[in-house]
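The next part holds the structures, each set out as structure tokens.
Presented sequentially are two complexes of chain A, the first with chain B as partner and the second with chain C.
Let's look at the complex of A and B:
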């Protein structure tokens, strides 16, 4: 079965490295990376170009989104993403929040968006958990 | 009856009798005594510890008897009218100078002047050169007049006390650093103390009383004053803390209380008391800022430290996995030590975060089932199956996040500090009139009463870190949460008898 493609949006190099490492372990081969909300958004807006570049892997089935980032944080990204969805076809994308905080209010706020399917806490989510959240069986 | 010794100069001083105007003070009464008793002479005299002096004497009285009036001395033993009908017959007087020589007094009657404290201040007496007797009517006139003297004296005393009180009040007002003033209903200053006046430049000071000072303030300030004045006139009282530009140009923060009062004619006034709280307010501001800075710092520091720590943990565990075949002996142990220290630091950072987050986004009080809440709390704890937790089935109305934080820490403590592998925890809730009282009781080793104070201190643990994992922040977190809601926590415990932590959490005001 074809594994889903994943876009990681996180400003921390080590977090991106750890995530990629975990993803590769569970068989995800198509991994895209962006370093903040703005560049992540630009990446999705560049629809046609990326469609050519990545083929069937674009748009990514899973976006793993950090909350605390410079320039544009995770929550602002969610808002902008909801707007963008009305313009381009991003229905396939599902977002997994990837936060350094276990603040339940932050979690509830993120899960209000129907395209947000999970809330992972950095450092506490195991590879197994990641596998389940992404939906690899 | 008091002895004469009790009377002292101090007593008479209370009546302001040492004054020279006293000589003629009771002349009218002496005249009335002469007329009412139909006798040629009358006298009002006062006695203190050593001397007797005459305040008023009326009639052709010889001067010589002024000071040495033995008749009066005898009289001090009784309270009613004392009468000697013939001084030449009476044993006590027949040899007296005044009797055998001029003016040849043959008759004497007197009434003691007794104040409300039952002290004899002096006498009112009438004299005659003939033997005589007072009839019943005359005696009561004499007694009435004596009573009048005493009333006048009492009034004098009250006046004196009052004027001293006024002096004292004046002194208090003048020396009070608060600005004290009174305004009439036209908003004109009718009274101002030194502190208030000294706000104004010297040349203006005599133009404060009787004037409205409104025009020296900016329009905005003047409007606020007038609004407050009106409010105080209408409601009887008004209080504000305001920034005011003084006539000197200085800007100060004042706490002002305005209270309405009425003078004897029923005219309304405002009494204003303004306290300069500039320094206090500035300090409070500063403290608030530095407190929130500190919380902010703790939050950011613990948050930012967590991410790299988690990355380290992850990477270390991967190395351990990848190298599992090569790792042996010391190296394996070292890996364990690294992971253990990472976990410890993680816990410390988590508690620090919790601590700094207290009071932020706590949410509103909501109905929470105690059993459900405890279940939630236990999810985040590595709870051992052999710990039984009994919880009252009851509802509380409290903010969810801080309440869970408190319970989680107390339950975690009960388990963490338990000396056996299994135990029993009881969580009860009493619904007091104003508070929820939640108690967490364990059957663990208990806490020595001498340490009860210490356990609430930050970073305080009772055992070395290597023996018991803990940040030392647990109870400090609980205490800070409760302080935020004006609640408190106490402990009852003794060695070997388990411990009960009692949380008192005020119910939110249902307006």
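Let's look at the complex of A and C:
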């Protein structure tokens, strides 16, 4: 079975590296990366170009989104992503929040959006958890 | 699990946390190998002398000559510092004579070129500046503009080497 493609949006090179490593371990081969919410949105808006670049892997089935980032953080991204979805076909994309804290308020705020699928905690979520959240069986 | 990082003790907490994250995810060695995919070919003392003299002639031609440039397996990284230079005073014919020797730990034999470059630049800078002061680091940066980043990466390398026993090549020593 083909594994879902994943877009990581995180300003930390280290976090992107760790996530990529974990994703490869569970069989995800198409991993895209962006460093903040603005560049993440631009990447998704650049639809036709990326469709040519990534083929069927674009748009990504899963977006792993860091909460705290410079330029545009995770929550602002969610708002803009909801707007973008009305213009571009991004129905396949589901978002996993990636946060340094296990704040219930933050979690509830993110889960208000129907495209937010879950919440991962940096340094605590195991590869197995990642596998389950992404939906790899 | 919080890992003690003695080689990185003087760096800001967020940088130490980044390395702890890599340690906890068991990916620190892979991260180093991805960042530095190839190793230098300075295999023996002769190569090391040539390598060092080329840098010295380019940047520090007027400094005192180096009597010896060698890899030294006996050098231990004392107190988690990178001090590897030595200034030897010997009595010769009733007179006290000083010699500059540059010794590089064999820990840097199978490493990326950037790591060896950083260590040699560090030791060469001591020919002119004995202390680790502002002038010393300015000189290091003059010889190697990315000096500070590479020194950090070297310390990460030493951290991983101490933790797992290998990083770039598996060695019997």
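Keep in mind that, in the parts below, the second predicted complex is superposed on the first by the 137 of 137 C-alpha atoms of A that agree within 3 Å, B and C clash if a C-alpha of one lies under 4 Å from a C-alpha of the other, contacts with A are read in each partner's own complex, and residues count from 1 in each chain.
Just so it is clear, contacts are C-beta pairs under 8 Å (C-beta built on N, C-alpha and C of every residue); 3 or more make two chains touch, one makes a residue touch a chain.
On a predicted model such as this, the values are computed, not experimentally measured, just so you know.
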Inset, instruction - Applying the touch criterion given at the start, work out whether A:122 contacts chain B, chain C, both or neither, answering first, second, both or neither. - result: both
Legend entry - Greater residue coverage of chain A in the superposed arrangement, chain B or chain C: B
Legend entry - First, second, both or neither for A:12, with chain B first and chain C second: both
Inset, instruction - Look at A:53 in the shared chain and tell me whether it touches chain B only, chain C only, both, or neither; answer first, second, both or neither. - result: neither
Legend entry - Touched partner set for A:21, first chain B, second chain C, both or neither: both
Inset, instruction - Considering only touches as defined above, state whether A:101 meets chain B (first), chain C (second), both or neither. - result: first
Inset, instruction - Mind sorting out which residues of chain A both chain B and chain C touch, each in its own complex? - result: 12, 14-15, 18, 21, 122-123
Inset, instruction - Please give the residue numbers of chain C that touch chain A in the complex, ascending. - result: 18, 21-22, 24-25, 27, 30-31, 34
Legend entry - Touching residues (chain side chain A, partner chain B) in the complex: 12, 14-15, 18, 21, 68, 100-101, 103-105, 122-124
Inset, instruction - Show which residues of chain B lie in contact with chain A when the two form their complex. - result: 303, 306-311, 313-315, 318, 346, 353, 357, 361, 363, 401
Legend entry - Contacting residues of chain A [partner chain C, same complex]: 12, 14-15, 17-18, 21-22, 122-123
